[in-house]
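Chain lettering (A, B, C and D) follows the sequence in which the chains are written, and residue indices restart at 1 in each chain.
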Amino acid sequence: MSTTQVIVLNGGSSSGKSGIVRCLQSVLPDPWLAFGVDTLVDAMPPSLRDAGADGIAFSPDGEVAVGEQFRTLDAAWADGIAAMARAGARIVVDDVFLGGPASQQRWRQALDGLRVLWVGVRCDPAVAAAREIARGDRPSGMAAAQAEAVHRGVAYDLEIDTTHTEPLDCARAIAARV
Amino acid sequence: MSTTQVIVLNGGSSSGKSGIVRCLQSVLPDPWLAFGVDTLVDAMPPSLRDAGADGIAFSPDGEVAVGEQFRTLDAAWADGIAAMARAGARIVVDDVFLGGPASQQRWRQALDGLRVLWVGVRCDPAVAAAREIARGDRPSGMAAAQAEAVHRGVAYDLEIDTTHTEPLDCARAIAARV
Amino acid sequence: MSTTQVIVLNGGSSSGKSGIVRCLQSVLPDPWLAFGVDTLVDAMPPSLRDAGADGIAFSPDGEVAVGEQFRTLDAAWADGIAAMARAGARIVVDDVFLGGPASQQRWRQALDGLRVLWVGVRCDPAVAAAREIARGDRPSGMAAAQAEAVHRGVAYDLEIDTTHTEPLDCARAIAARV
Amino acid sequence: MSTTQVIVLNGGSSSGKSGIVRCLQSVLPDPWLAFGVDTLVDAMPPSLRDAGADGIAFSPDGEVAVGEQFRTLDAAWADGIAAMARAGARIVVDDVFLGGPASQQRWRQALDGLRVLWVGVRCDPAVAAAREIARGDRPSGMAAAQAEAVHRGVAYDLEIDTTHTEPLDCARAIAARV
């Protein structure tokens, strides 16, 4: 019997989270909803990406900075995900813990009382940087900047490494723990 | 002072909801999150779109049928949107009330206690069908099938008609009521 | 009998060319291939969009500047389109004549000997700017900057105005001349 | 000095061609235009994908069938690519040789007189099928059906295998032969 209610995947840009999520939706027997940090960013007004907007800024070297407005909406978003899970939907969330353990703590508070599987998605920084070139739709440098930083101080139930393992195999390893 | 917490737009496929939502995000002074029925459908596993999956099915003539699994996830989704609004995020939701007043009733329950602006987005069926051809990414027939059906028995604070009015002007009319 | 081999649509950003092209493919009895300036830009290496790359640059105020490398590839592209038409494919091309009559002259040379229908796609600059907001995926300002400039000194067989006319009706007007 | 004018990559669906193409555009010193079979399919009217349309049909088991209309446009497309190369543009083409050696023969005729590098992109069928699930945007079964069939009887200057090699490394191996 599946008892996990929320799966949280944390990993840097181009570490392979999205492919794993799609495979998870395919291999898990029940229907799981998949939401990611991209879902939230796409839901925000474009003006929050403007310079000096206190929203979210992607610098040319791959750094990502978030401001107060972003954090407020991000917190509301996490509360919304938690409410969906409490209403009975199984949910996979992928995120990039730019704040490391503080990011995890925010999710812990929002998901309080729910059964959560915490998964770290690692990838060798050089390989992630190469995949960033291959996908061609991300600012150059994000993959390398985030590959290790997002995991520092974060605690997981399971860690997977996509450097030499296909997304489907990673998904199966996660599904075995759900 | 803005007191509305959630704007719900209801209208058929190709009635112009998405363009209005983007304009709303541009003209409203605060940042509003925008979610639509497409956000939910994209979050579901592709298998829910398979024949006989009890999820969501698009027939060649433009009819859309939803099953029990879809309705369960849809209800959880509405609860999640409500939780985001209660946590302080302003939210624009666009939806297609395939169930008419029953769809509205489900949203009413989920959004209980929140200040909601209900907006009907109408478009002449023939014009909506023509715009469906122009966008080229929707099954033919959805626009005509939904244009009037989704409004029957639904109550609004404001109705707009996109047949002869640009999305930005529609958005301004809505923003004036927020 | 259809005798036109190539339809060239020229108009500013957000004037409604893409919607008209999709409608043309729907209303014309034979299969027509549709290519646009976006097809070419997408085919170029992303580095041509870097600052100082001599490729194509989009400035924050909506201006578009193209360099020598872009022009070389653009000329080869036009020769390729012409070769497809000479090989028997019917083709709709949409473009933005940033160089005005010089842009048209380059197409005239490439399409030499082919039966071409030249169509100007106009839109009131304020309306095009409003539609730019509604679509949400273009740098702000392009629509207004290009709305009238791209038509100066250009000769057409047919001019249409999308300000108050739906894409499908525009397409029918064009199809009647093919 | 670069003497190759056209690089043709042939491989099954989900074999990794697109990622290699983006990496090639990044590592090759000159700007190369990238076109694929998807560029052509996107340029066709949607009606060519209708049942019985004599265009292109994707069956539920992953088989792809093309009709007379598709082949006519495909031949014109190849002539267009050749003309772009003769006009001085360097071009990477990715294709799926559904017709095996006959497909290659059509390209050979179109590219007559140009210096072409023929590259086979192989991937273990099971791995390609797994990646098809991870990307989530292709009909299930195409990857397995095409993985080996498209290479039978085709002659290459270079063959690469993406099963255990990253796209960037594959691109470097190709670039070394350009």
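Everything below uses one rule, namely that contacts are C-beta pairs under 8 Å (C-beta built on N, C-alpha and C of every residue); 3 or more make two chains touch, one makes a residue touch a chain.
These numbers come from a predicted model, not from an experiment.
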Next item on the list: Give, as an integer number of Å, the spacing between the C-alpha centres of subunit B and subunit A.
Entry: 27
Check: Roughly how many whole angstrom separate the Cα centroids of subunit A and subunit D?
Finding: 32
Note to self: Distance between subunit A and subunit C based on Cα centroids, please, to the nearest Å.
What the structure shows: 39
Notebook entry, point to check: What parts of subunit B, by residue number, touch at least two of the other chains?
Noted result: 26, 46, 136
Notebook entry, point to check: In graph terms, with chains as vertices and touches as edges, which category applies: line, ring, star, complete, or other?
Noted result: ring
Notebook entry, point to check: Looking at the whole structure, which two-chain pairs count as touching?
Noted result: A-B, A-D, B-C, C-D
Note to self: With touch defined as at the start, can you tell me which subunit D residues reach subunit A in the complex?
What the structure shows: 19-20, 22-23, 26, 127, 130-131, 133-136, 164, 166-169
Checklist line | List of subunit C residues in touch with subunit D within their complex | finding: 25-26, 31-35, 39-40, 43-48, 55, 69, 72-73, 75-77, 79-89
